[in-house]
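Below is one structure; the comments refer to it alone.
Which chain is which? They are A, B, C and D, in the order written, and residues in each are numbered from 1.
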Amino acid sequence: MNQPVLEVRNLTIALPPGGDRARAVEGVSFSVAPHEMVCLVGESGSGKTVIAHAAMGLLPKTLKATAGEIRLQGENILGASEQRLRELRCTRMSMIFQEPMTALNPVMRCGEQIDEVLRIHTVLGPQERRAKVLDILTQVHLPEPGRMLASYPHQISGGQRQRIMIAIALVLDPVLLIADEPTTALDVTTQAQILLLIKELQRVHGTGVLFITHDFGVVAEIAHRVAVLRTGELVEMNATRELLSKPQHAYTRMLIGSVPSITPRHRGAPADAPVVLRTRALAKTYAATGWLHQRAAVHAALEISLEIRRGQTLGLVGESGSGKSTVARCITRLIDPSAGEILLGGEDIATMPAGKLRQLRRHIQIVFQDPYRSLNPRRSVGDSVIEGPMNYGVSRAEAMARAKKLMQLVRLDLNSLDRYPHQFSGGQRQRICIARALAMEPELLIADEAVSALDVSVQAQVLALLDEIRDRLNLAMLFITHDLRVAAQVCDHVAVMSQGRVVEYGPASSVFGNPQHEYTRALFAAAPGRLWEFGNANARPTPRLGFPIRAPTPI
Amino acid sequence: MTAIGIRIRTLALALGAAAVLAASLALAQGEPKVLRVVPHSNLAILDPIWTTAYIARNHGYMIYDTLFGTDEKSRIQPQMVESWTISPDKRLYSFTLRPGLEFHDGKPVTGEDVIASLSRWGKRDAMGQKLFTFIEKMDSPAPNQFRIFLGEACGFVLEALGKPSSNVPFIMPKRVADTDAFKQIEDYTGSGPYIFKRDEYKPGDKAVYLKNPKYQPRKEPPSGTAGGKRVYVDRVEWNLALRDAQSQVNAIAKGEVDILEQPAFESYAALKADPSVSIVNNNPLGFQYMLRFNHLHPPFNNAKVRRAAIAALNQEAFLKAQVGIKEYYHACPSMFTCNTPYGVTKGSDIQAKSNMKKAQELLKASGYDGTPVVIMKPTDLAAIGKLPDVAAQLLRQAGFKVDLQSMDWNTVVSRRAKKDAPGAGGWNIFCTAWVSPDIWNPLTNAAVNGLGDKGWFGWSSDEELEKLRDQFARATDEAKKKSMAEAIQARAFEIGTHAPLGEYIEPAAVRKGVTGLVTGPGNFYWNIKKK
Amino acid sequence: MPPTAVPAEAAVAVQIKGGLWRALRGNWAVMMGGSVLALLALIAVAAPWLGTVDPTLFDPASRDLLPGAIGEITDLDGATIAHKFLMGSDGFGRDIYSRVIYGTRVSLIVGAAVALVSLLFGVSCGLAAGYIRWLDGVLMRVMDGVMAIPGILIAIALVALWKASLTTVIIAIAIPEIPRVTRLVRSLVLSIREEPYVEAAVSLGTRTLRIMFGHILPNTMAPLIVQGTYICASAILIEAILSFLGVGLPTDVPTWGNIMAEGRVQFNDFPHNVFFPGVFLALTVLAINMLGDGLRDTLDPRMSKRI
Amino acid sequence: MFTFLARRLAATIPVLLIVAVLVFLMLRLTPGDPAVIIAGDAANPEQVAQIRAGLGLDRPIAVQFGIWFGKLLSGNLGESYYFKLTVVDLIAHRIEPTLALSVCTIVLSVLVSVPLGVLAAWRQGGWLDRALMGFSVLGFSVPVFVLGYILIYIFSLKLGWLPVQGYVRFADGFWPFLRHLILPSITLSVIYIALIARVTRAAVTETLAEDYVRTARAKGLPEARVVIHHALANAAVPIVTVIGIGIALLIGGVVVTETVYAIPGLGRLTVDAVLARDFPTIQGVILFFSFAYVLINLLVDLSYLFFDPRISY
């Protein structure tokens, strides 16, 4: 019955000369049947996105398919003319993309962007088209379809925009839907809703779905079959349950192993270690200064009272916009808090003038999220690392010596001190930033989403490094992240934040074990793949039955 | 179609419709005879008494009339005056106006108007000021008569009333002539052959004159500013916007304009080559270049240095560089322009028969201590723009140290009025050009005087020269005047008031179908016919 | 902004030192523009030895000679020497070839000086406006005021009303450019200030001044160099326009603008007066603009969308 | 919407104030004394002093500015020293040619440069792109007056299609009015086309790389529709901005073009006024041009509302 919707046979796509490898994709074969969800998983640069674009005939001129074929219901896409491809797109096969923020045309109303597809591909009259658009909007559970029709993309949330994208893709009921990391840019709770929606629509429309992701949690959540890609080659393909529990290929095992488990590791942190930093009722309010009209004041952070002890890591967890970064920037005085105290070794630095503050800055150092913009491109690595100490009178020679020692600590070879940031990978740059922070011999190290921008495998190495440093130098650490798994692995204590407030604060084991606050529970429920136990070479289905995914009320 | 697409389409439609409608409306008016003239500069100030600018004088000749005129032979001829008698002791002149003289507003011209006009003119014009030192009083016994009573006899009353060039004694209605001499007049009613269309006048764009139907010209044929001023065109338009030399040549070649008053010297080659354009020399006496020293400050406060400089400034070099067309220039030793009544050559050997070696010796003998000579060079006046460069080169060859400073003409005009030292915003030398009638008479020639501070810029002062000029003013018979002129010029060369740099003509360029250009020191637009 | 999981390779920093020269040499526009400019600079320096005579010397006898004609030049002490007028002579009888060659000097000096002056003032105002909050409002309003007045009008008024000299011309052309540079630098400073490496420097205790000149200024170099080339090119053009309008440098100073302004009177019959300086002017401005485009593409690809 | 208008207008007032002060100071601190020029060459010192007092030039600068600014607010720009007319009349006389020339140039430039820019961006790297970029660099390099003379030489003298110089008022007949504007507009628009085409190309190239264009292609839309409704529509703001800023460049070109084609516009008036040290006229015209520049950029800001719904005021 179900002749495969999409068949890919030993597809090979060449990279333009001068790339880091000859071919983007090498001899990949797989197929997608109706009603089936196939996941393509792999790290950045593995070629998964290239395959998706090839299927839609959207490859840029520089990437040519040199061998193999892609058949959509038997018709070879690679050979098809541009005209034929245009007829197929959105009618037989559709695609949704990763960045909902920029995937919709900002100057065109959402209704019109859906209507455009109908106008080009069908001969329906205006009334019929309007009815069809309203119908698809209700199918994707968008509130008040009428208002949604007339609104512009910037007037609706990220999740809603992704639903509009899905509506565009499925309005003509294609047989194949290609989803290129559609939920990666969304919050955990929104991501859960979108995944549910895709599964529901697949059940209703019977579309075959090719789902591209790098997050094994998502794979565990929704995939029927999984294909693992590495540098353009298909490493392994199997049903989800078999692949996760009995990964055959070493690379697959390494990938699964790198995914931190959601259950916190016991760390035996002594409760009585001295307090390095304590905040009392710390708050930050942005008074909106409309010239003629007063917009409501925004409370980015309110009533934050935390303490960080030497040798321990406090995790600050929450979705984007929850205020966790604001707290970090207040503590490092990159922005001035509106109220409350920040006690560093007894002194309140919340409102200290810049001159006096400068002496105390050495004790708190921060590592940022984006490795590519945390280092001054115009300065050598060595100069960046020794800049800190030299600000406090350390001679250049001595600072250089300290830098060399730190390079070994972060496992980078010594000559990297003379090279420039652009000559390093994301992971290596993050190590340099850590070295730069440690050069100040701080008492508190803040990692603001320090690993979020890294691949899972690189992420695991940097987290291990941070752990080792914290133990060796007995540092206090404040770890800010939106990824619960990462928090579970690294933190001793966890504070969960939502809309500027700390909703739950306690030792990691109790917060993860049995969350008290309703929001925390919803957060855990929404974490994809929680039915599986990760954290070691292969994943095991968790013995206790996790609570089913409930779509928490949208915030 | 988004909003933008619709917007562009409707815009294109609107433009198309407008073009079609207009094309069908191409109406051909009945063609009145229009004479399109390109004057030599922009007409800005409309009061010919208030400024000595030649363009204002030409404007005056269009709309005003004069008591007397000067014919081609430089003789004074009656214009508005019918007849006049001079008392035996030459101290009472009584004049009768010819009948039918009317202002544009219909009122007849009376003696009162003449008296008011002459007294306003007398306050600003150099020759007028001199004349009024002799005048006791003036009165108008009858509407068409007026009399001038002199305290002492003087020989240049008629020459003054018929003075052809700057600050011409134009006759204006009494109500206009009563305006203070130092405030510009607002009303442009005159009694001349044309009426000024004030509402169409746009400075820098165009000035328009309509034929005065009620003007009664004299019987005699036109000659200079004398004779009958008959008008054969309905309307004259002065194009004030077209000042780029190359565009002027292009415009007359394409027949977009009829007359170029003073084309640039460089344009004559092209104009001569153009069959549809003829070159008409309407001002044979032409112009004279002049180089003026600043007598107040070194080095030219010393007469010997001035004479050494004059010796070095041979006219041929100036004329060749500035004019460049053989038949348009000629050297002239006289300070009062050659082949005019007082065009004498006495005293001119210092310049005419000298060479660079003589000049170098004179300069060494003069004790010149090498202070730099500041020469002012106008950048925006093509007619005299090259003279300072030639002067600089010649003076340098003679041994002077020269600082050639460039500025626009208005800065030259304002700086030459300053008496400060050359270093402090003053100057040593500037060059200019005069139309011959302005300098052919020792009394009107601003450079040849010794009045010091009260005199013309450069402020040459010398009692001897003033005494001679005074005697000239008193002389009444021609022979005596001629010998006085020779004495004045000899003295002027002796103290080196200034250096004449030769004479040139700047003939007008005229479309073939336009004839009847009147010869005279200015550009006059009566008597012109257009096919 | 939710953290992006897929690392953005898009951060296109510039390859520093070693890579930079290779990139620059590789860019066709930079090589073309650069070499033509170098040639012109050479011409400007070697002017006296390129078979030229004193550009201000003239001899009325050899007026308006066509290119290639033989005429005579009288030098300062009166001796006349035969001379082949490669590019013909002008209304004074001066040698156009010598004047064009010497004109290169003035034009390049004007271009370079204007670029330097406007960059200098622009950077200091831009840095101040970008970094000192209260100064920002005041300074930017003044800059808007200066920018509202069309540059050419300021230049015309200043040059004509002050005495026409090289310095006046340079200042007059530079003043309208300063606000543009200030706005560019200010926008760069405001965006760089938000970069994590600047915030890191703050937390490392680096003083504000050191941050301004150590971190922020070096990263504005690329767009500034590109802007500098465009200013240099437009300055040379404006100088020519000022001379054309009769308000430029004094006419005895040989600049391309002056030669063309004087030559325009006989454009139809003796086009050589305008043709040769026009070609040199267009060539120089073209070379500088191409250099600007090339630099823009190699130094800072992101800059390319800000022309 | 109204609040934005009020706020933007309020923001223009300080700018105009600064322009007034700058222009006033710039002229007063210069050498050259208008009184002497006006008095004419044969005037003696007392006469010059009389005129100077008449024009109020002998009072301290601050007082002079006070008087001038007071009159400015009441719309009286003072009287030209040189032409016996109030500056407002002078500008009124001379505004039509400049306005006609500028409008023709802007319309011509936009209609030519935007399509060219879009095509160059669409076929980036193709021959059209290289040709356009070459033309745009050339457009910046050739002096306006040289171009003017060449065009006159070819189209007026040799071919005789178009008039050599002059300006015919719109009232005197649309067709002659247009014929006299064709050559000047082409001369003036070359540099303006170069500027707009270059920015259009850069802006459209950038929007073509955006995600929503890729989505549009994924919707199977025809290429032309993708380029115009998705790429160009989003590039409208930078394009309109450069048209606004380019006005300053245009005014510079107008001054030269009016000189070459003998068009009695405001550009030519400025040069004459400067040469004649006619302070009130210089101030009046520069203020007028600055006000026009600020007004046009205000309209450009307003047009953002039309082009980009995200910008809400």
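Basically, contacts are C-beta pairs under 8 Å (C-beta built on N, C-alpha and C of every residue); 3 or more make two chains touch, one makes a residue touch a chain.
What you see is a predicted model, and the numbers here were worked out from it, not measured in a lab.
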Smallest number of contact steps required from chain C to reach chain D: 1
Cα-centroid distance, chain A relative to chain B, in whole angstrom: 87
Centroid spacing, where centroids are CA-atom means, of chain B and chain C in whole angstrom: 44
Euclidean distance of C-alpha centroids - chain A vs chain D, Å: 50
Chain B and chain D, separation of their C-alpha mean positions in angstrom: 38
Chain C, residues touching no fewer than two other chains: 160, 163, 246-247, 264, 267-268
Interface hub residues of chain D, defined as touching at least two other chains: 31-32, 149, 157, 229, 233, 236, 259, 275, 277, 307
Residues of chain A touching at least two other chains: 107-108
Pairwise chain contacts, counting only pairs that touch as defined: A-C, A-D, B-C, B-D, C-D
Footprint of chain C on chain D - complex, ascending: 14-19, 21-23, 26-27, 30-32, 133, 137-138, 140-146, 149, 153, 157, 195, 198-199, 202-203, 205-206, 238, 242, 248, 251-252, 255-256, 259, 270-271, 274-275, 277, 282, 285-286, 289-290, 293-294
Chain A to chain D touching residues, read off their complex: 56, 58, 85-91, 94-95, 97, 99, 102-108, 116-117, 120-121, 152, 154, 165, 168, 291-293
Touch list for chain D against partner chain B, complex: 31-34, 36-45, 47-48, 50-51, 54, 82-85, 90, 93-94, 149, 152, 156-157, 160, 163-167, 173-175, 178, 228-229, 232-233, 236, 259-264, 268-269, 272, 275-277, 306-307
Contact footprint of chain D on chain B as seen in their complex: 2-5, 18-19, 22-23, 25-27, 42, 44-46, 50-53, 124, 126, 167, 182-184, 186, 202-206, 239-244, 246-247, 250-251, 253-254, 256, 380, 408-411, 413-415, 417, 425, 446, 454, 456-457
Complex contact set, residues of chain D against chain A: 3, 6-7, 210-212, 214-222, 225, 229-230, 233-234, 236, 307-310
